[in-house]
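Here come two complexes built around subunit A, the first alongside subunit B, the second alongside subunit C.
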Partner chain A sequence: MQVSSASRFLGMGGSVAPDSGYDARARMVISLLASIVTIIISSVEGQLMLLGASLLYALSIRRFKALTIAYLFVAFMMGLATLCTWGLSSVAPFVSFTFKGLAVPFMRGLVMLNVVLPLALTCRIQDLLTVLKGLCLPFCIYLPGAVMIRFIPTFMNDIKQIAEALQIRGYTLTLGGMFRHPLLVLRLLFTPLLFRSLRTSEELGIAAELKGLDAQSRFVPYRSPVWSRKDTLLVAAALTVIAAALACHYLLGRAPVAGHM
Partner chain B sequence: MSLLSQWSARELVVIGIFAATAKVTTLIVALAGGGMNPLSLMGKNLVFTTLLIVMLCKVSRPGTLTLFTVINSIVSMLLMGASVTLLPPLLAGALLGELAMWPGRNSTGLWPKVAAAAVFDVVTKALSLGVSYLLTRENAGMMIMIVPFVLIGYMGSLGGLYTGVHAVKELRHAGIIRQ
Partner chain C sequence: MIRFVNVTYTYPFQEKPAVRGVDLHVRPGEFVLVTGESGCGKSTLMRLANGLCPQYFGGTLEGDVFVGGKSTGEMPLKDMSRMVGTLFQDPEQQFFALEVEEELAFVHEWRGTPAAETRRKIAEAAKEFLLEDLFGHSIHELSEGQKQKVGLASIFSQDPGALVLDEPTANLDPESTVELARRLDRLKKSGMAILVVDHRLYWLEDVADRVAVMREGVIVAQGAFDMLHDGALRSACGLRAAHVEDVRSTLPESAPPTKGPRAGEKGLRVDGLRFAYKGQAPLYDRASFWLGQGVTALIGGNGTGKTTLARLITGLNKAQEGAFRINGILFPVSEMLRHVGIVLQNSDHQLHMRTVAQEIDVCLALAERLRGWSKSRRSREEQRHFLLGLFDLEHLADRHPQSLSGGEKQRLVIACAFAKKPSILILDEPTSGLDGGNMKRIAKALSLLAEQGACVLVITHDLELLRASCGAAIRLPLNGN
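Moving on, here comes the complex of A and B:
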């Protein structure tokens, strides 16, 4: 049930998350490294290297439909941003409209998308809870973090139930209606959700106290994470790509980018 | 009692539940209205600030805002691969918010919590503009498009302060928040 909830939350249409073969920690390390390096590199050459490698990484999970949808959405947002920049550049001359000036920020977004999708589409809720435990965080961070990760799918289900209850009372929640009357939708959905959150927190809090959960409690993970040779190779490959991208940036792409203020 | 063990399991659960609710609700509002809809942008911030004030009143301890922020950031990074660059603005906002709440830390009143939420919103929005500049520095003119969106979001946060105060008053009246 937990897995199917997680899958629904991650937009996989109720199908079970496939076993990626890699440890969730390896994927997290890659996301973390990518988010830092993509900001450091400001040349097209370096970003192209990161983009190519991250795209191969995203394709390796074989979720082509999800990847296409994500790319189409990002392309739409980028098209909108390009149009706005073009419009602004024709009105305000200090706003430059150049290929390089737009390409690097867009490539940063794509690199992050490529590393986040494999993490989101292949990790189960249980894997994330195990990783959270493995990080040896203090109890005051571990408990709310675990509650948060575990209850996000439940709240998604709660929202679905509230929407069904509203439908019974004559309110039909359509996408168009949400766009036209966002404040009404906010009131109708948010107020019951706030009460549900307060009720759930009361019930869970009492349950946690009755079970004697405190900082001295010992937790035994349901399944111990295994760091295999494959994970080491994945992280090593990521580090190699980062080194190559940095080399490209410093050797080929040090020329100042047009439009840099 | 050490700083990290001042919260009971019950309070930690409340923080976790509110962090999950804030994440889910803001995600739903943002998706429902489309990313570029100013009303949904305002609604997203309004909901977040309202939940923040209710949570601060429910768990009335110094450090709660910082803990909420740390948990939100860790889970965002684990679950959604959020960029680490977002962490410093959020942490700075939370710490300054705590500072704003510090004079009224022993008070059961509502205003220290509202002040903390207000400072948190202002600081995070201002510093997130810096992060946006870092990400789009190759074409700094794009900041002209980002600033209005951040300002619209901030207007939602201001609305959230108002709705937060009203929500807490109603919840106190109903006996759901007892302090």
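Moving on, here comes the complex of A and C:
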């Protein structure tokens, strides 16, 4: 058995992918609701409520390593975005730069991360695809959606393998080194990642074609998803959090935040 | 069943055709083997047979490819895939689902097969390929050989009229290879048309009805399997041996010079190794082994833990217990990577620089830093030229590493590992998917490294490599298990 595995690395524990405990539809409903509400809410107070609740939701799947890595990656991207905005504002004064102004978009990103990770890491890909298919979406929307969901574990596995390859070569990536040689670090991390991602997307496209995924296919699941009371409670809890977040937004945080959209 | 009529195909943005003037017919109940050196157009031929070229990859097709009497240009890929089952060289390329059971069921679900029928088909396929115990496993966790079996099981469960297999045994152990040959023979006799693209020839001696040898996109020879016994043809077209002796049972066991560790002994000694995956029975339980100077093979069936052992030695996976001694000196696991080089099969993940030459330069510089060497620029350039020559990469020195073919990338990552001048080097299936010329090149390079005093451990199912370069063997399961 090969040692390196996305799921083990991602803290899936053991070699058998665990049952998420919730129906994929419940997780999808939560992701959908979160995506709508996080756009509606533009106050820090409301976003904080969403962020806290969604973080608890993400922690509940106990994939701590995966969550940490995802957060580190997002933190890195946010750092880059902050640097770019700061750079832009210093050369173009009409671009305003405030940390508070960036807070809401960043929190929106984190909320989505918190709801999408449980969806991607605990739900069976087939269940997600079944739900997507059941939504009767146009195939041109369905297929990219399915490929995106399928892409996540492979992408994370690639990150792990690239880090391991650097270790084998003898590179020691330190925080100081990242600042001293940012271009080298970017090259080391992103060159293989970029090419792997391009290759993965092509491979998934080929796999989809050869397995006969298309708009006209009649899909017959060999295992039907079961909606339980637990799923109803999860969605009800999500609705309660959304109501609380909206209340926070309208009661506490309606003052516009400078510099954000 | 599959017919190529004067086919010339050119990929988009390429001037030179990948295949030229190909005429080939695979009839129902016939088994045709296509072979040739790397980059000769074999895989393109396969993509033409399953319709991916030009339907998915684009490009220009001249001539006609017929499957079941219909032109591939007139059929959607979905319908083509029902008629032609395809196995890629890297089976992960064709997986869409994430778990073994789902992957086996996926295609049937999308074909509208009733659930009970799907269950029956995947149960049969799993039984046939001994995959029942892997049903709930993630495909990322499987060994390469297990992935190949899942890919094959998925195709076989679909009952296609024709099979197109690209290097189907690249990661299979010899026993599974023999079993696959038997299975293909049965399918052939039941009327299936089978087209196999492979570098390894010996396993098809009793199965292939016809062989087509390709060179630079053209079929240069076609005939019965016996023609592959012609040494001149094999040498001219970079082919592997048509008959290979299995030396696994005759290779001496890798034995330590003394029973207990001794200062100054040359080699790697591992004692009391213990490792288990979370929630599973121990894979290694107080196991011990010795890796001496020379080239040693690590032998074991698919999924027996060969790659795991390599990762434990290098500390990429943490052993629960175990003492690691190099040349008699005890090292903590965390320091093993400083002394042990390892080449895994994921070459895509290991290439970062702009050119092949830079990739090697960086490895030489890293090795100097690691060992505290101080070398002149000229000495480094000489070293780079030597490595490029040793692995036949000189003509690719200015190419971007990610633009190389799979075999070229494989040679480059091995060259990078050589740059480190490790006293211990572990290679995981270094010759899977390589043609005869490159297999010999790798074997020669390993022997050279061993002559310089290194201990080389090769994880391989490649009987030709075993015969060409290995002088001893470590067999799994290890003692103590």
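The rule we apply is simple: the second predicted complex is superposed on the first by the 152 of 261 C-alpha atoms of A that agree within 3 Å, B and C clash if a C-alpha of one lies under 4 Å from a C-alpha of the other, contacts with A are read in each partner's own complex, and residues count from 1 in each chain.
As a convention for this text, a contact is a pair of C-beta atoms (placed from the backbone, for glycine too) under 8 Å apart; a residue touches a chain by one contact, two chains touch by 3 or more.
Just so you know, these numbers come straight off a predicted model, no measurement behind them.
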First, second, both or neither for A:Asn157, with subunit B first and subunit C second: second
Contacts of A:Ala208 with subunit B and subunit C, given as first, second, both or neither: both
A:Ser60 touches, of subunit B and subunit C: first, second, both or neither? neither
Which superposed partner A:Val131 touches (first subunit B, second subunit C, both, neither): first
Contacts of A:Met112 with subunit B and subunit C, given as first, second, both or neither: first
Touched partner set for A:Ile168, first subunit B, second subunit C, both or neither: second
Contacts of A:Pro192 with subunit B and subunit C, given as first, second, both or neither: second
First, second, both or neither for A:Ile36, with subunit B first and subunit C second: first
Between subunit B and subunit C, more extensive residue contact with subunit A: B
Set intersection of subunit A contacts, subunit C complex versus subunit B complex: 195, 204-206, 208-209, 213-214
Interfacial residue positions of subunit A with respect to subunit B in the complex: 28, 31-32, 35-36, 39, 42, 77, 80-81, 84-85, 88-89, 92, 94-96, 98, 100-102, 104-105, 108, 112, 115-116, 119-120, 128, 131-132, 137-141, 143-149, 151-152, 155-156, 159, 175, 178-179, 182-183, 185-186, 189-190, 193-195, 197-198, 200-201, 204-206, 208-209, 213-215, 257, 259-261
In the complex with subunit A, residue positions of subunit C that touch it: 50, 52, 56, 76-78, 81-82, 86, 92-99, 102, 105-115, 118-119, 122, 136-138, 140-144, 146, 277-280, 283, 303, 305, 307-308, 311, 314, 316-317, 337-338, 341-342, 344, 346, 348-353, 362-363, 366-367, 369-370, 402, 416, 420
Interfacial residue positions of subunit A with respect to subunit C in the complex: 1-8, 12-17, 124-126, 150, 153-154, 157-158, 161-162, 164-165, 167-171, 187-188, 191-192, 195-196, 199, 203-214, 217-223
Contacting residues of subunit B [partner subunit A, same complex]: 4-5, 7-21, 23-25, 28-29, 32-37, 39-40, 43, 46-47, 50-51, 54, 58, 67-68, 70-72, 74-75, 77-85, 134-142, 144-145, 167, 171, 176
